[in-house]
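Heads up, the next two complexes both have chain A, just with different partners, chain B and then chain C.
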Partner chain A sequence: MSVPVRTLFFAAYRDHFGVSELDVELAAGATVADLVSELRGRGAPFDVLPAEPAVAVNHHYAFLDEPLGAGDEVAFIPPVAGG
Partner chain B sequence: MYARVSTEVIDAVDVLARVGSEQDGASLLFLGVVRNHADERPVSGMRYDAYEEMASEVLRAIAEEAAQTLGTDRVAVVHRFGELAVGEVSVAVAVSSPHRAESYEASRYVIEEIKKRLPVWKKEHYTDGESTWVEGQIPPVTTGSEA
Partner chain C sequence: MTRSDLSQAELHRYARHIALPEVGLEGQARLKAGKVLCVGAGGLGSPLSLYLAAAGVGTLGIVDFDTVDTSNLQRQILHGTEDVGRSKLDSAADRLRSVNPHVEVIRHEVRLSAQNACDILSGYDVVVDGTDNFPTRYLVNDACVLLGKPNVYGSVFRWEGQVSVFGTKGGPCYRCLFREPPPPGLVPNCAEGGVLGVLPGIIGSMQAMETIKLLLGQGNSLAGRLLIFDALEMTWREVGLRRNPNCPVCGDTPTQTGLIDYELFCGIRGDDDAREVDGAAPIGRMTAAALAETMSGGHAPFLLDVREPWEWAVSNLAGHGARLIPLAELEARIGEVPRGRPIVVYCRSGQRSLNAARRLAVAGFGPISNLEGGILSWAQDVEPGLPVV
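Here is the complex of A and B:
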């Protein structure tokens, strides 16, 4: 059984990838780290993603070992610059 | 307690009016404003991008944490996103408290936490026509419950 997740890209990531979101299918039991590997494994332009990027799952900053579930929203968060 | 992320022009007087009470001897308003230079380079404006849904939640969490420091709910914060011109307000933080120390502390806390963890980004537009994303801070990941 696969786990569909919705990934979001912002700011410099979005500019670089040319997309703001992407649906990705992961294997059951996949973690944030697996999603990062899957995207980086696609090669350019996704290979510019850091191996350990800041990520938010369903609006909460998450560790790389966090397991993902069907329908999760995973946002790749470039270094923030509010204010 | 009031926290909002929006593309609307920030009305600083309105934000300040959301705090204050008869028991408060101090009201403090902080404004973040788009400046006309970055280091030596002339800037014509700034584009703020936001992960709007998450930013709303994180801003509320920051305001709640500041309110705990203050011991009251008299904290109001608004962050704008979209295209801003030089001189426009990007963020407004208003707090009030019986004495000034708590207000200064809470105000400082809100703006510093915004810079550390609010999922907002800014792209500087220079007068020569170029634009670049401002180098930001890597947000800390603490626990799963941290907003």
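Here is the complex of A and C:
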């Protein structure tokens, strides 16, 4: 059984990756860490994603060990410095 | 606090506040007793300091060391056309005094650093982060956590913004959210990436509102919540935040109990251009005049422009064979850079190109030179009349 999740990218991530949304299939029992390494493993341009990015699962900040379920929305929150 | 804390002139000025049950005489006196530090008098600092001054926050400190430039005026509404060339603090102090003479403006004309941050911040009740770079954001966060001061955070990028409140008791901090700084080049600053002028107006006003609520002790603060604003879609997304028990600064067992070298932490160094990187080719410095001479001698290097496409569109050295690969795309497009041929990298002023040159050196390219002063120097010394921004 695979776990489909919907990933969202904002600001610099969206500009850098060229997409604002991506559907990703993960293995059952996958965590946020597995999603991050799956994306980083795709190589450029996704390899600029930090190993511990800021991530919100279903609108709540999630640590790397948080398990993901089918249909979860995973938003990658980009660091933004402008002022 | 009693009514006697406010003069007749102040009672008249703040009548619309005092009419609010959540403010009243006591709340307005609290604002008058409040001491707020604005870090930065730029895009966010403009609406922030204007509204805080207008609202009657009694003591307003401002940290900035920059001067007003014409390109600031599309968003930094604290400053006017006649202020171009003045120090931002002089300009800000005059404007804020005109908005509200009852407010004391304290000027900190310094670059905030690990050496001076705690001294400066310790005199204030609330710190508002309106800076424009990652090292200072981490510095402001860490100093606020160490001193126990709330940090009203806002930041902007092109059409998007973020706002939250960090550093409150038991609440998350900026480091809980962003554990590590982004790799250099991923996030362009406002000068490179652009920003729609109204955006810092919106985010900075949200910061002013949160600051006033903190001083009044009213409402639900944004502590523990991050708002992400998208102006093109006109949507706000709310993300619930959590303190990270393993946070090096505010976690259960902090591993960092003082301030650190934030430029180093963020992978930014400005004072060691020619530094050699572990076995990589050293990076040469080339002046615009020397580049012109090299090219007229028929020894054309590979000329690499790492600016943004909009900057390239204004003017470029394509006539001299230059190729555009924006800094953020360099890793992905590194195959387009020839090996075994001299490379000269340029940008606007020489900073981004130095970053690119270092990355190329580490990747085994060479010999590499950085055009000192960038296309600005080229326009000044070699090709007068070339339009540059």
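To be clear about the criterion, the second predicted complex is superposed on the first by the 79 of 83 C-alpha atoms of A that agree within 3 Å, B and C clash if a C-alpha of one lies under 4 Å from a C-alpha of the other, contacts with A are read in each partner's own complex, and residues count from 1 in each chain.
In this text, a residue touches a chain if its C-beta (ideal position, glycine included) is under 8 Å from a C-beta of that chain, and two chains touch if they have at least 3 such contacts.
Bear in mind that the values here come from a model prediction, so they are computed numbers and not experimental data.
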| item | value |
| --- | --- |
| Partner chain(s) touched by A:A44 [first = chain B, second = chain C, both, neither] | second |
| First, second, both or neither for A:A81, with chain B first and chain C second | both |
| First, second, both or neither for A:L22, with chain B first and chain C second | neither |
| Which superposed partner A:F63 touches (first chain B, second chain C, both, neither) | both |
| Which superposed partner A:A33 touches (first chain B, second chain C, both, neither) | neither |
| Set intersection of chain A contacts, chain C complex versus chain B complex | 10-12, 15, 54, 56, 59-61, 63, 75, 77-83 |
| Of chain B, residues touching chain A in the complex | 32, 48-49, 51, 53-55, 57-58, 79, 90-91, 111, 114-123, 133-142, 144-147 |
| Residues on chain C engaged by chain A in the complex (per definition of touch) | 40, 42-45, 129-134, 137, 154-158, 160-162, 172, 176-183, 186-190, 193, 195, 200, 226, 228, 230, 237-242, 244, 328-329, 331-332 |
| Residue numbers on chain A that touch chain B, as the complex places them | 8, 10-12, 15, 54, 56, 59-63, 66, 75, 77-83 |
| Footprint of chain C on chain A - complex, ascending | 10-12, 15-16, 44-45, 47-48, 50-52, 54, 56, 59-61, 63, 75, 77-83 |
